[in-house]
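I have a structure here, written as structure tokens, and I will follow up with some questions on it.
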């Protein structure tokens, strides 16, 4: 159930250039699933006004803790990055549908493809897939080495490959270049990242089952304001989906890329 | 000279109900005089937008520290009251003309009359008068005992009398009631407080030299925006003064009450 | 709760708090968060004759203490609203104000005629002020003669009282208010959004795909209060005020200026529980002000 | 500094940053804070024929990310401005834009004729948009015919180029912009303040003694940007943009939308050093955007 809670900061640190890892404690952790997101209000004043949608990167139900990883670039995320241990953060969540963990049969293999700040939700996903006895292959693209994160964490979960646009880490190029080279064997793919990456992936594995996580500018985050619409390939009357409440994860082919 | 400085909070405490004493450290302390004020920006965001004018209550040039005393009631002062030791505060100042300390001859007596949050600037004034060998009598009115402050501090400087509207501390009534009763002997009076108090005082000592400190809503605080105008009794063309730059202190009789 | 209750044309409300049109969808999402029966009324999303897909994204952008939106009246169309959305809301004890939009007078008349027959629709809100559709509502909202004629046409067919939602993007809002009153409007709702634009910092191009968007939120409250204040002086029909309401004090302010009730828009995005919170805070505010019943403060600015 | 320099009718400016009228007095106070020669130009406070005492206090009130003011055109009058204020500013290497206000066309003409002869006044800014005087400038700003006639009359007597300051409180600002261009205006300055109101929380009465005031500051920036964007498309004379500018990015935004220069108002109260700070920040911004000369970005939103 969607709840609003003043969660408590239990840890915060900069894990890469302008990339922060923030762990929050609160009851709503109990309802969280991989691929869902939280809508964070970074200030109690009117500045900035709107909440910020951030994916859930790690869920620890025993400790009632959830971790998010975000890039502090704009106004809101910069303010968030200044929160100290013990501070309260107004969180609305969990929101969205999340990744279908059971789309892969036990013993199968999942390919997780992430781009930049699309990588975080794949971390909890990988955890849960591994917990279900599914092998995971991680193929992640970043701009430069400076902004790469979680290499060790992912490596303990499965094969992990990095690609950077400038070649400063891993191979040089885009995830699709690396996929071309690796030719991984897998049953289902899950992806989160920039639109061009998702678009490329859709065409890449026509035979495979795949799930893509989308981003769109949001107002409410709960499906009421129609800000975060994506056109679907469906030609019927209801030819759109809302990223916040119908998504952010859609099976391959649903959204009109 | 007017400067803008990020001063450092060295102390802050609540000294009466919603009344805070805040000590700030910075270079601009060197230019401060009693009766002047500072224009404080309580937040680096647009909320709240405008600076808050607060009188200087104590000046310590050796330590580069100045103290202000303010009531945290509205939005801006509430935010100010949450500043912690070590935080920076954006201060513009010192502003305004201040009290003329040399209006009383050495060995003379000054009557200091304050109402509520008008009391603070009289503290530094009393200090400087006493330092010049002038006796000070303090007559202060507050709403209730809850919001009285600095009794001990003023008592060490001179005779100190409190009056409260509800009689919860000192005599009951207004400063003018108490003055009527005390009939103090003095050479010059200085006053700061609500308009009705200033108005009553003007008529009270027609023979005496007196200085009144005024408050008005401010924009710039430096004389440029014409927000803080008071009409003067002067009938010429230039029949107004600016509280921020011509004042906040005016000799008795100047401002049209 | 009778301290907060009051009567408006078509509506007996438990309290004067209602979510603003377009900021609450058709209520379904919020019904998962709290009991919608707590609300004074609900202004549902603009309904047009046909299904509208709205504008391309991005459709929203943040601004200083406000936001821009250009949703573009996306809605499932009259038939779906009658068949699915309104019936769903019947389970709650709350009157619905149906926001009616269109391109031509005939559009408005068609929607009004049909939607006003829904059992829980107790009033209409003619949206003559949406800044985000190219050929549409906005001209109705800026020309007093056209506005008046539209109201007359809709009044002829509507089974329920008709409120008209005014645009703030005009030289003289009082003139429009008087025109719609003369046309037979039962009430006025105001204000819709101010037309604004935000540019992308790097490219200099508009952030919102539509170019311009409607500005809402706390930033516009001073403009909204001023307009409610002016219109209250000029008309004899009740006003539902809105524009930047985020707490009980804002409600007091709008009602002081002359509003009989208050709608909450953007604040629902910041805090989805804001409406019930305001309703809970209001009695305390009345206590502070020494007022017995909320409706006593309507128009007190003018005393 | 030539990266920032540009030419405007009557003005060769070192940079396009100028304090907005009414937010900088006649410069004297700020000249104690920094060297006014750093500025591109100075828009001095509105000058009227006679001394004006302005409105009662309170004259300002804070709002969400903005403020209201109702100063009421207080100024020492034409004679004093000519005798004291303008000569004081001659010591600085900075062109002055004289803001001209009045109640009748004759007033404007009288001020314009005289003040345009001052050696450092390089342009006039006709204030046809002040919302805070009862009988006055505001009607000139809302009626295109009257606006055009006023501009024609002033153009006949002015020794320097004439800019016209537009009001945002209109249904169609493009119409007014075109009218003043047709009347011979050399440039447009926009926007003046939006009419707003704030109520006292306890009493419900307007905080500002005048009732309404003019809204300025970051809150209005989206409206200002939208209007500059629209007017740029419609006229061929340069625009000086303003409304909520607080930093170099805002300058980039206004110039992208179509402004050739930018005025800074309310931000001077928040940070009196804001103008020189912006001027210092600008070259870095150009670097980031990969632009050689600031003027290259004028109107880039429209490309």
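For reference, chains read A, B, C and D in written order, and residue numbers begin at 1 within each chain.
In the analysis below, contacts are C-beta pairs under 8 Å (C-beta built on N, C-alpha and C of every residue); 3 or more make two chains touch, one makes a residue touch a chain.
Everything numeric here is computed off the predicted structure, so don't read it as measured data.
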>> For the interfaces A-B and B-C, which has the higher count of C-beta pairs in contact?
In response: A-B
>> On a CA-centroid basis, which chain has its centre farthest from chain D's?
In response: A
>> Can you compute the centre-to-centre distance for chain C and chain D, using the mean CA position of each chain? Integer Å is fine.
In response: 34
> Could you state the distance in Å from the CA-based centre of chain A to that of chain B?
Replying inline: 55
>> Could you work out how far the Cα centre of chain A sits from that of chain D, in whole Å?
In response: 47
>> If I count partner chains per residue in chain B, which residues reach a count of at least 2?
In response: 46-47
> Which residues belonging to chain C are in contact with no fewer than two other chains?
Replying inline: 64-66, 217-219
> Which of line, ring, star, complete and other names the graph you get from chains that touch?
Replying inline: complete
> What part of chain C is in contact with chain A in the complex they form?
Replying inline: 22-25, 28-30, 32-33, 45, 51, 53-54, 57-62, 64-67, 69, 71, 74, 76-77, 217-219, 246, 266, 268-273
>> Which residues of chain B touch chain C once you look at their complex with the stated criterion?
In response: 46-47
>> Please output the residues of chain C touching chain B within their complex, sorted ascending.
In response: 64-65
> For chain B, which residues count as touching chain D in their complex?
Replying inline: 1-2, 4, 41, 46-51, 92, 216-231, 237-240, 245
>> Give the list of chain D residues in touch with chain C in this complex.
In response: 63-66, 68, 142, 169-171, 194-199, 201-202, 204-206, 212, 215, 217-223, 225-226, 229, 244, 249, 252-253, 256-257, 289, 297, 300-301
